[in-house]
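We just call them A, B, C, D, E, F, G, H, I and J in the order they show up, numbering each chain from 1.
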Amino acid sequence: MITKEDVTAMILAAKKQAGMTWDGIAEKIGMSPIWTHSAAMGMNAFPADKAALMATTMGLPQGAEDALTESPTKIWEQAVPTDPCIYRFYEIVGVYGPTLKAIIQEKFGDGIMSAIDFDMSVTRVENPKGDRVKVEMSGKFLAYNNW
Amino acid sequence: MITKEDVTAMILAAKKQAGMTWDGIAEKIGMSPIWTHSAAMGMNAFPADKAALMATTMGLPQGAEDALTESPTKIWEQAVPTDPCIYRFYEIVGVYGPTLKAIIQEKFGDGIMSAIDFDMSVTRVENPKGDRVKVEMSGKFLAYNNW
Amino acid sequence: MITKEDVTAMILAAKKQAGMTWDGIAEKIGMSPIWTHSAAMGMNAFPADKAALMATTMGLPQGAEDALTESPTKIWEQAVPTDPCIYRFYEIVGVYGPTLKAIIQEKFGDGIMSAIDFDMSVTRVENPKGDRVKVEMSGKFLAYNNW
Amino acid sequence: MITKEDVTAMILAAKKQAGMTWDGIAEKIGMSPIWTHSAAMGMNAFPADKAALMATTMGLPQGAEDALTESPTKIWEQAVPTDPCIYRFYEIVGVYGPTLKAIIQEKFGDGIMSAIDFDMSVTRVENPKGDRVKVEMSGKFLAYNNW
Amino acid sequence: MITKEDVTAMILAAKKQAGMTWDGIAEKIGMSPIWTHSAAMGMNAFPADKAALMATTMGLPQGAEDALTESPTKIWEQAVPTDPCIYRFYEIVGVYGPTLKAIIQEKFGDGIMSAIDFDMSVTRVENPKGDRVKVEMSGKFLAYNNW
Amino acid sequence: MITKEDVTAMILAAKKQAGMTWDGIAEKIGMSPIWTHSAAMGMNAFPADKAALMATTMGLPQGAEDALTESPTKIWEQAVPTDPCIYRFYEIVGVYGPTLKAIIQEKFGDGIMSAIDFDMSVTRVENPKGDRVKVEMSGKFLAYNNW
Amino acid sequence: MITKEDVTAMILAAKKQAGMTWDGIAEKIGMSPIWTHSAAMGMNAFPADKAALMATTMGLPQGAEDALTESPTKIWEQAVPTDPCIYRFYEIVGVYGPTLKAIIQEKFGDGIMSAIDFDMSVTRVENPKGDRVKVEMSGKFLAYNNW
Amino acid sequence: MITKEDVTAMILAAKKQAGMTWDGIAEKIGMSPIWTHSAAMGMNAFPADKAALMATTMGLPQGAEDALTESPTKIWEQAVPTDPCIYRFYEIVGVYGPTLKAIIQEKFGDGIMSAIDFDMSVTRVENPKGDRVKVEMSGKFLAYNNW
Amino acid sequence: MITKEDVTAMILAAKKQAGMTWDGIAEKIGMSPIWTHSAAMGMNAFPADKAALMATTMGLPQGAEDALTESPTKIWEQAVPTDPCIYRFYEIVGVYGPTLKAIIQEKFGDGIMSAIDFDMSVTRVENPKGDRVKVEMSGKFLAYNNW
Amino acid sequence: MITKEDVTAMILAAKKQAGMTWDGIAEKIGMSPIWTHSAAMGMNAFPADKAALMATTMGLPQGAEDALTESPTKIWEQAVPTDPCIYRFYEIVGVYGPTLKAIIQEKFGDGIMSAIDFDMSVTRVENPKGDRVKVEMSGKFLAYNNW
């Protein structure tokens, strides 16, 4: 039985051999690069049609589509991530978390931004002082229920 | 001597009594709401001119400006934040951290998004299926130095 | 300025002196006992009308309503709760968490039960072998977004 | 010797191949879906007759029944679960734990809800605003002994 | 309002001044020394009649009985206790925990010893090679429910 | 070279095949069931004569006796054990630890109960309200040295 | 009521004012410097006669002797001590712990060195390459009981 | 390539087969037993001549000497060691750490005992009340630099 | 009695009022800025003559010199520091720690750089691409003792 | 596919066989020893030309260059490193972290030293009292953005 870990390894190998980019793969299956990478890593489940497209695009063997459509169990080992590129985002949550909460509640009332009904993108923005990474997140506002 | 904690309490009390919003305060001092809240909470330092404006806007006593301009020591107690509104951002870093890293490195090469040369905004986006929280971050790309 | 902690203490003192129950208080303000206790403990925010009712019911001083309506920051200190009554629920999440996930995904597809658009009740069920605690939770299903 | 982990893998493979659901398997062995999944995962022990039924239903090899009836050692690795679907239940315990305790003690006196003499179900409840997950738990009340 | 912490301090002071022992206090209120100490420390709740006896025995002020009868929230700060006398018991659980489980399950089937329907005693046993501490625990066996 | 882990696995397999109990094995080697299980699990060392008896009783291969007599390194991975049957004992230490300390010191003076010069037993006690688990521990009292 | 913390503070103040050393104080009460400091810090209990001597030597007020003779609860906050002078001893336990165990068991059989029936001294040893700290520990060997 | 772990296993096997003791091995290579065990476990590096002697003494294959002379990376997994024999030393650091620091500083001034320029021995001391473990440590005093 | 914490607060207040810098204070007492700040924060002890100079420079009250000369207990609360400026140094130790070890051992043999016989400086280095922070550390090499 | 771990092992083996030093390898590829070791360990990525030089210098097989140029995920397992040589650097960050921050901010204003636009060297400095390790770090100053 092919596992999600197996498929991830197959995708990474195929991507390397073909010299593809996540942008390119994403375009082929009609999804965003962020979602495509995340699902390829096994952190999101492919809908059946996208799994089929992915299998074709990457030349995956039979049984791989099945693994791609399974609901993943999302596990991360490091409560505080050590990789500098990921840690900076953790730091932003630490420094600005209470601010995000305060501004969201000022604009929407008591509630949260969903991390499930959620999308995100990363763009390169040219800048003479040094190009910038632009991250855009969008999540549905969910108001606390009072009952 | 007035501490940063004292000033934060004064600002919150003045804001409540005057019925102001962070948007309103931010506009008065010519800064963004996210930065204004964060600096008011003592997680960022006010430049001298902004401290003066803040003191006037909020009716702060003498000595408060000094505290506003001090470099803060940024401490958060909870490695994993429990408040649901803040936790969702932590969860996004956990689930999508490796993806953010992969896409940034595909677009820029080996490096990180700065959390220091950094800005962020929160917007309310109307949507018939439920309004959405839009968070936009922008940080300078920093390439790893090889020496 | 009256804080949420102050109001919690006032409510507990008033409840004790008046010999009231959470069931009784909940009925007076037209909310459920679970929500009422949680909001009185400062873990949920009262809507303005419920805050007014609560202030009247418990004989709270001026300024208390304000505190009741503030958005709380939900913090718990113990990652693993030690109190036996609370620990048993933690144990249920530990033992049955993967099962809850599997059954929810079998019935709904890939997603989660919301803990925000959520309600809960506790009932005493008589039983000749020893009465039973019945806990009912209901949360909106949220499907993962694919984008 | 077949271990509990081996049997779990066999059950998952057989279930997939046969296109069965936990509801379907549970019905075949005359138990609830929650208990069936949990026991199949090795977090509960099958009584001898249910082990025999399970072996027949899933086409398990000889020796598997033995493993199904062994008392499991219930271990979970993550004190704070990261999977969003499981975390939401952890969050409910964090936010509402003291409330569950207070209401149980108001209704029953000083004691706990048993997590051993315990059962649970999950139901899908249709709702025009979005279907809801209904979780029902029932545990025997255990009063603290005074001696 | 007198808290459980206040009453504990009062009891300790009165006990010291009167030169009483836990054995003596326990006898006066007709309970065991272990339970009496534990309840006096605020880790168990006194039934009304025992609270009245305790108040008389220790000369507690009005309001103290109320505090004695409240359901305690049982919190311990150190996941691994450092005091050598307490650590040795933690060590016994670490070394012999799996053995206690195996022997209980051999004698009773799959289940646990209740820590709620539970009692314990400590006795001094004379021994020429050095006196021994005898600890006896008794808890109701609870079988796992299958449903 | 046969390790302690190897021998444990051999003993468990032999016990299963022969349908033996820990009580039965313990009787055969003239030791208590608790100690026998613990030593078989590799948490205690067999004296040479007991190792020989154990090897005969369980039909162990040459070299196994050696492993049985080695001093074990006692390691447990979970600072807070998750298995409910073991956790209840951890909970007892958490709730009653300070009480055990106070009563031991009242009866013996300042010191501890040894966990090394120590023995323990588990008995089933019939009871019309539900049979009870009786755990008896006995450890030598060790007084703190003053020098 | 004077607590152990109060007495510690009194002793430190008196020691400073009188310009005494731990060596000097220890000599006055006829105990070793290590034990004297430890007991003065509240980590060991004074026998009655030593408490009386200590009270005289340090000019402690009435009630202090009582506190000195109480059994302490030995708590340290840092599982890994940060102070460099203390950390080095922690490091020695980390690096040489398995070696201490192996050599003790080679010389004595399976068992431990008691940390209760225990004494320790610190001496300054002159050395032309730099003076050395000599630490001598002596603890009773305790053999594991087999039963 | 032979690793340090490989050599450790070879040494332990050869020691067992030859019925040697650490005392005996240490004498053969002209080092102390503590250092010899520690270096054999891979927690210290052998100087070239001692590695050659060790290889001869234990009959190690070619390539083993190389591994013995490599600088080890000293890692221990358990911040708080669970083995009772090792834990007692950890406990001594916890209870007496501040005392060791105070006495060292009284005798030497502000500084530490080196754990690098360091040696240690373990001796068995006969005693009619039970033999005692004597541990002697000697480390160079290092004064804090002021600059 | 003036504590080290008291003196730190006095120094910070006096420094602010006088508009001094750490560079300026360090020059006045003839020490480096890094050491001066560290000792002023209570993380190092002043030699008597430097304490006297510091007291004069900062206008400290009587008794302050005493506190400045006391050996500090060096405690930091956060195993992983959250302040971004401090975290970056922690990150450098995480990423380059094994490299520092390898290069030190290549150049010196098996041993460490002392953190006690140690000094450090921070300099601003002008650079057209952005000024740089230069940190220079110097510590005595300590070879592991073999005995 | 050759992974970064594979290449690290190949490099270490080749280095040993050829009797090379990090200094020597670094010189051959025209980089510093610190960076070379770090990149060889898989904690930094080789630019294409340096990867080619490294492959030639160390005699690496085809496919190795690819692995050398991949962006690494920088993970360290021990939040507090145990190896004494690495721990001393951790200790320096603990003791002097707040001082580094204070002096950097005095010299540069509010901001940090980059750990990305960063270089470091280690030198041996002869000294009659014992040679010293000199560590020099240089990182770009990054000012906090105010927006």
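Here is the rule we use: a contact is a pair of C-beta atoms (placed from the backbone, for glycine too) under 8 Å apart; a residue touches a chain by one contact, two chains touch by 3 or more.
Since the structure is predicted, the reported quantities are computational estimates derived from the model, not experimental observations.
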Comparison of E-F and B-C by number of C-beta pairs in contact, larger one: E-F
Superposing rotation of chain B relative to chain J, computed on C-alpha atoms, to nearest 5°: 180
Furthest chain, CA centroid comparison against chain J: E
Interchain centroid distance [CA atoms averaged], chain A/chain G, Å: 55
Whole-Å gap separating chain D and chain F, where each centre is the average of the chain's CA atoms: 30
Whole-Å gap between the CA centroids of chain I and chain J: 24
Chain A residues counted as touching two or more neighbouring chains: 34, 73-74, 76, 79-80, 82-84, 91, 94-95, 98, 101, 105, 111-112, 114-118, 142
Pairs of chains in contact (touch as defined earlier), listed by label: A-B, A-C, A-D, A-I, A-J, B-C, B-D, B-I, B-J, C-D, C-E, C-F, D-E, D-F, E-F, E-G, E-H, F-G, F-H, G-H, G-I, G-J, H-I, H-J, I-J
Contact footprint of chain I on chain A as seen in their complex: 80, 82, 84, 87, 91, 94-95
Contact set on chain A toward chain D in their complex: 1, 66, 73-76, 79, 115-116
List of chain D residues in touch with chain A within their complex: 13, 16, 78, 80, 82-84
Chain B - residues contacting chain J, complex: 31-32, 34-35, 39, 44-47, 50, 71, 73, 98, 101, 105, 109-112, 114, 116-119, 142-147
Touching residues (chain side chain E, partner chain F) in the complex: 21-23, 33-34, 37-38, 41, 43, 74, 76, 79-81, 83-86, 88-108, 111-115, 117-118, 120, 122, 124-125, 127, 129-142
